[in-house]
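I've put the structures underneath this note.
In what comes next, subunit A is part of two complexes: it sits with subunit B in the first one and with subunit C in the second one.
Moving on to the complex of A and B:
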C-alpha cells in the first residue's frame, strides 16, 4: 500500500504551504525552467513534467552573489545582513539536485562550518519530484543516484496515473506530510525511466595513472573558459570574495567562481601554479572523479547532464569518462 | 519576520585591529605592527597566516612574521605587489584593518623540539621563517644546533637589517648570508646563490630538520642540496604560497590536487610535496 495525493489535492496543499513558508518551485517561462519563489496564485500553472532546470537550485543555499556583511563608512562598524527566519520549502526538486546539495554539505557543513550556507540549509525543507523525463545527457544511476531516489530529500513524490505516491523519509518530511489530503491505495511505485549509463568502473584509478597525459591539454584546447560548466553544476562550490563600495557602507560579497577561470590560482607577484587551460580543466575533472571520492567516498557529480547541455564547445563529461578508460599510461 | 543576524555568526567576519607601527624594510617591503581593538592576542603559531582586510579593497592572506613569544601585538611584513598590499603600504599609524585567523597548520614545533635545525630563507621567504627563528631563539634550550642561511638578490633587497645584525653576532646560532649579485663594493659578504652557502655549514643529517621558505625556483635547488647532504625527505620542511582566498577550506582557490593548502598547509614536508602534482 502506498499513500497517494491526487493532483488537485497536491496543488491545494502547495497553496497552503505558500502561505506559511517561502515556496520555491520550478517555473517555466519562454521554454526555460528555473527555480523561483512562487505565490499561491501561481501554483496552478506549475509544470510538474519538467526535465531539468537550466541552473541547479544550489543558489537557494549558496547564492550566485550574497552580501555576507557590510562595514560602515567608519571602517569599523559591522552591519549584519538583514535576514529572515521564515522557513523555505523547495518543491519539485529532482533527486539529482538534492544529491548535489548533499555533496556541497560535505564541504560547507564541515568544520569550520560555513555559517551563511548552514543558516539557509537549516530552515529549508526539500520536497522532491521523481524525474520522469530524463534528458539524453543524464546519467544519474551511474553516479549512485536515480530518477526516483528518495535519499537527500525530506519528501519524494512519484507520479502515477492515480496521483502522486508520497514517501516521507525524514522527520521534517513526515511532519509536513498532509495526512488529510492523502489516501492509501494499492498502487506500486512505477519503474523509473531508462537513463543511459556511463561506464564509471575504475575511473578513479585510471585518472590516478594519467595525470601527465597530453589528453588534458587536447580536450582543453577548445575550452573558452566561460565557466558555464561550474555555474550550472549542482555541486560546484568555488567562490570569490570581493568588496563593493556603497554610498554609506562597504559590502563584502561572496560570488560563484570557477576553477576554470584564468588566474584562479595566481598568487601575488604573478606566479601561477595552474597556468594552462589544460591544467585547469584537469583539476575540475580530477576534483570530481578522483580527489573528492578519495576524501568522501563519492564522485562529485550527480549525472544531471547540465554541463554537457550548456558547454558551448561540447566538452562532455561522459566522453571524458569513456576516454580516460582507454588512455595508455 | 525579519531578524538581524548576529554579525558574529559570519565565518568570514574579521576582527578589527589597529596599525600601531609601520617600518620600511626596503623599496618594496614594509613591516606593519597591529593590535586588536578588543585587546586579545592573535594566538598564532609560527608559520600560520592571517587574512587581512582593508574594507573597500578586499582581503589577502599574509603570513605572520612575529613570533608568538612576542605578546600584545603581531607583525605582518608585506611586499607591495597587488591591490591590497599596495593600499596597505599607504596606511599610517592609527589606521584600522580587519583580521581573520590565524589559519593553517604552521611549522611542526613539537617535531622540531630537541632536534638540530637548518633554516634556509630566500628573499621574502624570510617573513614567515622569521617567526619560527625568533621562536626558537626565545626557547633556545628546547632545540639543538641551529644554522640559518639567508639569501636575497642584492644588498639593497636585504630585509630586517637590524635583526640580521643581531643574528650575525648571536652566539645561539650560526648565521650565514649571501646576495645573488653585487655590482659595487657596498657589500663585503658572500656573493652567489643560496646553495653556495651549503659547503660552509656542517650539520648531522640524522638529527637535523631543514626548514626552507623561498620563491618556487629556490625550492628545486635547495631541496636537491639538502638531499645531497643526506637529509631524509620527511626532514625537509617547506611552506607553500597559494591564493588562500577564504582561509577556511571552502573557496577552492588554494587547492593543491585534493587538499586545501589553507587548512592542511601551508607547511608540508618534502616527502608530502613530492607526491603532490603541481605543488612546486
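Moving on to the complex of A and C:
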C-alpha cells in the first residue's frame, strides 16, 4: 500500500504551504525553467513535468551573491546581514539536485561550518519530485543516484496515473506530510525511467596517472573559459569575496566564482599557479573525478547533465570520463 | 562542399608544418557540431560542415596570435576576423581563411535540432564571407532589405515598459560571462567587471550589478558587434542579448552608415576621429 495525493490536493496543499513558508519551485518564463519564489496564486500554473532547470537550486543555500556582514562608516561597528526565521520549502526538486546539495553539505557543513550556508540549510525542507523524463545527457544512476532516489530529500513524490505516491524519509518530511489530503491505495511505485549509464570504474586512478597528459590541452583548445559549467552545476561551490564600499557602510560580499576564470587563482604579486587554459580546464575535472573522491569517497557529480547541455562548445563530462579511461600513461 | 573543405585543410596543413586548422566536427550527441582543432593532415577526415555549425570560430584566433592558423568561417564569422585585424589584434598573414558560403544555420542545441532557422539567420544579409583565401561554394547575392522588426517592437513600447522588460531579463543573469568569452569583440586583457581596483562591478551579482554588466557589454560592442549571435546562443538562461546588440547596430547603421567587420581597413566609428568633426550641443 502506498499513500497517494491527487493533483488537486497536491496543489491545495502547496497553496497552504505558500502561506506558512517561503515556497520555491520550478517556474518557466521566457522558455527558461528556474527555481523561483512562488506565491500561492502561482501554484496552479506550476509545470510538474519539467526537465532539469537551467541552473541548479544550489543558490537557495549558497546564493549567487550574499552579504556576509557589513562594517559601519566608523570602521568598527559590525552589522550582521538581515536574516529571516521564515522556513523555506523547495518543491519539485529532482533527486539529482538534492544529491548535489548533499555533496555541498559535506564541504560546507564540515568543521569549521559555513554558518551562512548552514543557516539556510537548517530552515529548508526539500519536497522532491521523481524525474520522469531524464534527458539523454543524464547519468544519475552511474554516480550513485537515480531518477526516483528518495535519499537526501525530506519527501519524495512519484507520479503515477492515480496521483503522486508520497514517501516521507525524514522526521521533518513526516511532520509536513498532509495526512488528510492523502489516501492509501494499492498502487506500486512505477519502475524508474531508463538512464544511459556511464561506466566510471577506475576513473579516479586514471586521473591520478594522467595529470601531465597533453589530452587536457587538447580539450582546452575549444574551451571558452566561461563559467557556465560551474554555475549551472548542482555541486560546484567555489566562491570569492569582495568588499563593496557604500555611502554609509562597507559590505563584505561573497559570490560564485569558477576555477575556469582567468583571475581565479591569481595571487598577490601576480603569480598564477594555473596560468594556462589547459591547467584551468584540468582543475575542474580533477576536482570532480579525483580530489573530491580522495577526500570524501564519492565523485563530485550528480549526473544531472546540465554542463553537457549548456556547454557552448560541447565539452562533455561523459566523454572526458571515457577518454581518460583510455589514456596511455 | 565538405570534401573541398577537407582537401583545402589537408593541402594547407601539408604546407604549414606546426599549423592548426580550426573547423567543425560532430559533437558528442551525434547530431550537432562542435569546434575542432586539427594539427595533422591525416586528421582532416573529422571535419564537417552542415546547418548545425552555429559556432563563430574567429574568437579562437586570439589564442593563436602569431601562429599559423587556418580557419573555417561562415559569412558572419568572417566579419570577426576583419574586426580583429582592424583593431590590431590579428595579423592577416598568419591566417588562412577557408570561407564557406552559408546556407543558413538551424536552431541547433545539444541533442536537438529545431526545424527553424537560427534567429540570427532570419535577419542575415550577407551569405558570402567578407574575407577569405579560398571560397567554398558559389557566391550568393546579398539580401537587400534589412529587417529590424524585432528592434521596432521594443522601440514601440514605452520607456517604462522597456525598463521593466530589460530588468526582468537581466535579473536572471548568473554572470557566467559566457557571452563575453564567446564574443570575438570581447578581448580586453582585463574586463571592466574583473578589475579589482577600482572595483567598478566585481563579481557581485544583483539587479544593479547585472544591469551594469549587460548594458556595459552591449555598449562596448556598439558599432563593433558583427551580429554572429553567439552571445545569445550560449546564454544558459536565455537572455535576448542580440536584441540589445541589434538596437545599437541599427543606430550605428543609421547614424554612420557603417556595418562592422565588412572590411579590415575601415575602423569602427567610435575608433575614428576626423579633424572636421564637431560635437553638436545637445539641448
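Rule of thumb we're sticking to: the second predicted complex is superposed on the first by the 329 of 329 C-alpha atoms of A that agree within 3 Å, B and C clash if a C-alpha of one lies under 4 Å from a C-alpha of the other, contacts with A are read in each partner's own complex, and residues count from 1 in each chain.
As a convention for this text, contacts are C-beta pairs under 8 Å (C-beta built on N, C-alpha and C of every residue); 3 or more make two chains touch, one makes a residue touch a chain.
Every value quoted in this text rests on a predicted model; they were computed, and no experiment measured them.
**Student:** For A:240 in the superposed arrangement: first (subunit B), second (subunit C), both or neither?
**Tutor:** A:240 sits against subunit B and subunit C alike.
**Student:** Which partner chains sit in contact with A:257 here, subunit B, subunit C, both or neither? Use first/second/both/neither.
**Tutor:** Both partners, subunit B and subunit C.
**Student:** Just checking: does A:268 make contact with subunit B only, subunit C only, both, or neither of them? Give me first, second, both or neither.
**Tutor:** First partner only, subunit B.
**Student:** Could you say whether A:224 touches subunit B, subunit C, both of them, or neither, answering first, second, both or neither?
**Tutor:** second
**Student:** Quick check for you: in the superposed arrangement, does A:30 touch first (subunit B), second (subunit C), both or neither?
**Tutor:** Only subunit C; A:30 stays clear of subunit B.
**Student:** Going by the contact rule set out at the top, does A:283 touch subunit B (first), subunit C (second), both, or neither?
**Tutor:** In the superposed model, A:283 contacts subunit B only, not subunit C.
**Student:** Touch check for A:313: first (subunit B), second (subunit C), both, or neither?
**Tutor:** The answer is second: A:313 touches subunit C but not subunit B.
**Student:** If we overlay the two complexes on their shared chain A, which of subunit B and subunit C does A:174 touch? Say first, second, both or neither.
**Tutor:** Neither partner.
**Student:** According to the stated criteria, A:81 is in contact with first (subunit B), second (subunit C), both, or neither; which is it?
**Tutor:** In the superposition, A:81 touches subunit B alone.
**Student:** Residue overlap on subunit A between the subunit B contact set and the subunit C contact set?
**Tutor:** Comparing the two interfaces on subunit A, one with subunit B and one with subunit C, the shared residues are 240, 242-243, 245, 257.
**Student:** Can you name the residues of subunit C that touch subunit A in the complex?
**Tutor:** 27-29, 32, 34-37, 55, 59-60, 63, 109-111, 169, 172, 174-178, 180-182, 194, 196, 199, 202-206, 209, 230, 233-234, 236-238
**Student:** Where on subunit A does subunit B make contact in their complex?
**Tutor:** Per the touch definition, subunit A meets subunit B at residues 68-69, 71, 75-76, 78-86, 107-108, 110, 112-116, 119, 211, 237-243, 245, 250, 252, 254, 257, 259, 264-269, 271, 273-274, 279, 283, 286-287, 290-292, 294-295.
**Student:** Give every residue of subunit A touching subunit C within the complex, in rising order.
**Tutor:** Answer in residue numbers: 30-32, 34, 54-55, 64-65, 135-137, 218, 221-222, 224-228, 230-232, 240, 242-245, 253, 255-258, 261-263, 277, 308-314, 316, 318-319.
**Student:** Which of the residues in subunit B end up touching subunit A in this complex?
**Tutor:** So the residues of subunit B in touch with subunit A come to 1-7, 9-13, 16, 37, 53, 55-60, 79, 81-82, 85, 96, 98, 215-216, 241-243, 245-246, 248-258, 277-279.
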